[in-house]
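Some notes on the structure that comes next.
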């Protein structure tokens, strides 16, 4: 069987990771990636053997910067079976026509609205919905992290109500433009935040209220999660439940902060030190007055990567069973 | 009537502010403050006209550093009616014997355990409890901020359950030793945190669960507050209720972060730019499915200062009515 | 004698401080300030009694936000003798025509190019140059700080060559948009930086080479200064020299960082905690192999304020002697 | 030929990297590493197949934490040919007796004094000095970075005088205890700093003066380097010279900060994203009035690692020629 041809439109934080993860699969391959500037990331893409494309109007500037493009983004899209759009939030929307015209399937990321694709995807929670579909949106890092734990708890105990405070890193580690440097920024100030409704694009029946702030840190988001559950359970039950989820990691062994989680990722020899799993502090898991509480760290740069691979598999019907796709992606990536 | 003689033992972040606030009152006066090092703070205390005392074993070092002490801490304590102990958390406990021996009343701060004083104090919530007492603990910045809003909501609507995430500044602005520089630190990791029980030292009947993290910022704490209320009420009701509280400030006018609150404090010409009030983002106040949500900023350096003044007044029985003491303190300080 | 009528165009970090400093003088007064948004700063300006003007197209929006403007910026400019333009860097240039048309004098800040005004001003170094002039630029915070020390050293010993590393705060304390959060940013990367040439707009004969970085801090800039001197001198000589300058403060007494300088400003009861002086660590002053070294902290928000007052005095010929203007400004501001 | 037996005493930031680098060599092997706490780093060491030892008094605590030690540190030392001591600065000194008693060679790191070993080592600058020696100190990250560039410039042009400002990250990325969070800290305040004399332990004839600050960042140090040179040269000459050094990397391609250097390390697939080379901004290299200027980033966590491997090779006389050892280390590590 020939491999599914995948193009990556927008090779930044998310795009470069999706490209590398796809390259590890035996049922799909990267046929090209797109860059808009001839920077070090473009240069490394060339070194990795990816065909580098550029928007038509940027081809010359790329060449001047030492990167000769394999063609335009349009060329790239035409030769693909499916495009993973990893352009910055809001830009992806403008590419829809291009994909429709070329008759290729497309995946967008969490920076785009649910309506653009019509299907919001998390491999754990709703793999089936994406089967054979043309347009799918892989939900944001925060929604991915929440979907995994809420889905697991809901399946086992029923989630009556979830209340989450999202403490978000304000910028990715390589982004030197965005602040704040020394402040806590409630964002949005009006409550509840839009993160709750975003969960409902994956699991419409969940009752969830969220509040969010932006913080002067670059490493990870942290969520404080509170869930009222339908069925009785103990702290130990929940630890057991979570320890069985393949995309959840329970932290112990002296890991006291997001900084130490990132150190773990580096020490484990993960590519780019990535932590694709929800990182839950095991000792924080507590059932108190029938309510579950815990802290989880979310590595925004990488948590959605395995779900992108699974989304391709579902949309291209390479695998009809979600659990089997997840298992395959995990094995190849080393999760 | 002669003024009540107040000594400040420990002239750091809290101590220097209590000294200045007491100096503004007509029913009490500062008879001395204690310093352990001859630094710029000691030098400014001298310039302000405070008698500077030092632990016996530090008197020489102070002199060498250019500050001739008015006497030892023991001397200072003896000449006072009441001591406000503002030494670092845990140190204050060791001073109890000294105060007992000298037969003076004493106030400790939130870094000490409730048991040390037996009475934990917040001027809004339980002024009466401190009337005529010898030993009182003014609760911490976080507990002070929570007491004010929970008391108000409880009086008006009844608080069935409160859930709060405390996002704490990791160090005061002048403290260059403590980190983290770039991480989110769940602290404590085991849940719920000790902040809930601390609220119960002031209002034992409140059902509250808290979670807390430390953040790489110095300016203020931020709380996300969730309360299930007994009685029905609307968003507007709560805005009205809070707008009537003298030690709560509702924020609007483009203030989007703790940084801008601190700018407000400076622009208002407040001493040291202090914000003694709970700083609640007005637009965040929301009643949703019968639950109240809002964000509040807590200026850890100054929020407890008016409550210290009120505690003196209660313990020395200068005023039997809490509301009248609060009103007087507010007026003199400019709250 | 009637007071000189001063208008402040742009009431942000610099503008609001210039307004307050001008208000302290007996030979000048604020006749209006301009704001573009009805935020808390505008509201405080009203409370302070300043007439608040707005660009014509913003008058309505201001009204909607609760601030009724006294008129348009054009109206304000017409009723002034001199305008202090404190709009963001690059905007000020566009206002020149307006000032020329109204026939008023104008001062710009360091964010504009030297050529706009033709005269770059520092009260210590070249007061005379501004006497009676129509257009003057008060140099930036970094150039102001360097001018003061280089002028003093040059007068006394002759400066053969200066080499300075400018470690710049990346954003002001109230600015939550700008990063970096966790990085050191050489800026500009090409060397030497433009800060050296900027010094020459004030003292053309100085041989100076500068390098600059941006840092994840909001409080102050720090300069490491190296000067080769013409005449021999000792460490003590330089300490003496600097201790005699009225706009230089020598730091000791346990002040080890920019954070503690800011604490000093607050403890001194300075408005907004401002430090208008160069803050030189006394123990860092060292003459080694005939070269002078020291560290200085520069409070970017406030260091240029006294120089703006002096510039008004020079341009309006209220005082022909620079030293006397400096002395008067110092006395009124509390320097 | 049997491999040289290397023990790592202290498996933290430096120790774990030295262990991994030694493991890549064909002429040496790791026979054990020592840990004091059973944390995630210990657990990963076990997974990597390293024999984990512990101080005698910690063996029990390690076992309780799930790590059964292979023996005591003393046992480990006895079975080694050479120990690389990577305990925290100041602790290494106390281990000297242990190594002497066991008759093993030892390497210390830059946190120890020069006198402890008597020889301070940098592979580029003075490989020969360590040949066959028993005790050697690999100099600190800052001194390693400076030695490489000063040695190269000195060999080619002669260095008359060097002036360097060291802008130091205040804490490693995984260290959440140390601040500052928002300040610039001149450190030491008295000038010149000790970093200059430390360079002289490697190259005694170099005339160098240094100043240093600590900054609220974790990623890398940045040096601004100024050198007066004996011989004439151009900007291009220096770019050529540095581009030929195997442990210097010239940066371009849009890399504007330490954050983007770290992103490069991750994208290159380096273990832990390490950058073992001096990272010099190519566009910053400038010869101006006969003086050389440039900015370099120093990845404190990893820059000394190749030099540790070379030091082992010199001390064990596995290779008498420094250039050949450097070449071999580079090849195996991927430099």
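Order as written gives the chain letters A, B, C and D; numbering starts at 1 within each chain.
Keep this in mind: contacts are C-beta pairs under 8 Å (C-beta built on N, C-alpha and C of every residue); 3 or more make two chains touch, one makes a residue touch a chain.
Just so we're on the same page, UniProt names per chain: A, B, C, D = Glyceraldehyde-3-phosphate dehydrogenase.
Treat the numbers as computed from the prediction; the structure is a model and nothing was measured.
A.B. asks: Considering only chains that satisfy the touch condition with subunit C, which of them also satisfy it with subunit D?
C.D. replies: Per touch definition, common to subunit C and subunit D: A, B.
A.B. asks: Report the inter-chain centroid distance for subunit A and subunit C in whole angstrom, where each centroid is the mean of the CA atoms.
C.D. replies: Centre separation, subunit A to subunit C: 47 Å.
A.B. asks: Can you check how far apart subunit A and subunit B are, centre to centre, with Cα atoms defining each centre and the answer in Å?
C.D. replies: Taking the mean C-alpha position of each chain, the two centres sit 42 Å apart.
A.B. asks: Could you state the distance in Å from the CA-based centre of subunit B to that of subunit C?
C.D. replies: From the centre of subunit B to the centre of subunit C is 36 Å.
A.B. asks: I need the residues of subunit A touching at least two other chains; which ones are they?
C.D. replies: In subunit A, the residues touching two or more other chains are 173, 175-176, 180-183, 185, 216-218, 256-257, 259-260.
A.B. asks: If every chain is a node and each touching pair gets an edge, what shape is that graph: line, ring, star, complete or other?
C.D. replies: Complete.
A.B. asks: Would you pull the subunit B residues touching subunit A in the complex into a rising list?
C.D. replies: 163, 165, 167, 169, 180, 182-187, 189-192, 209, 211, 213, 215-220, 222, 224, 226, 256-260, 281, 283-284, 286, 288-289, 291, 293-295, 297
A.B. asks: Inside the complex, what are the residues of subunit C that reach subunit A?
C.D. replies: Going by the criterion above, the answer is residues 170-171, 173, 175-183, 185, 216-218.
A.B. asks: Quick check on the complex: what are the subunit D residues that touch subunit A?
C.D. replies: Residues 16, 37-41, 43-44, 65, 173-176, 181-182, 218, 253-257, 259-260, 262-264, 266-269, 271-273 of subunit D touch subunit A in their complex.
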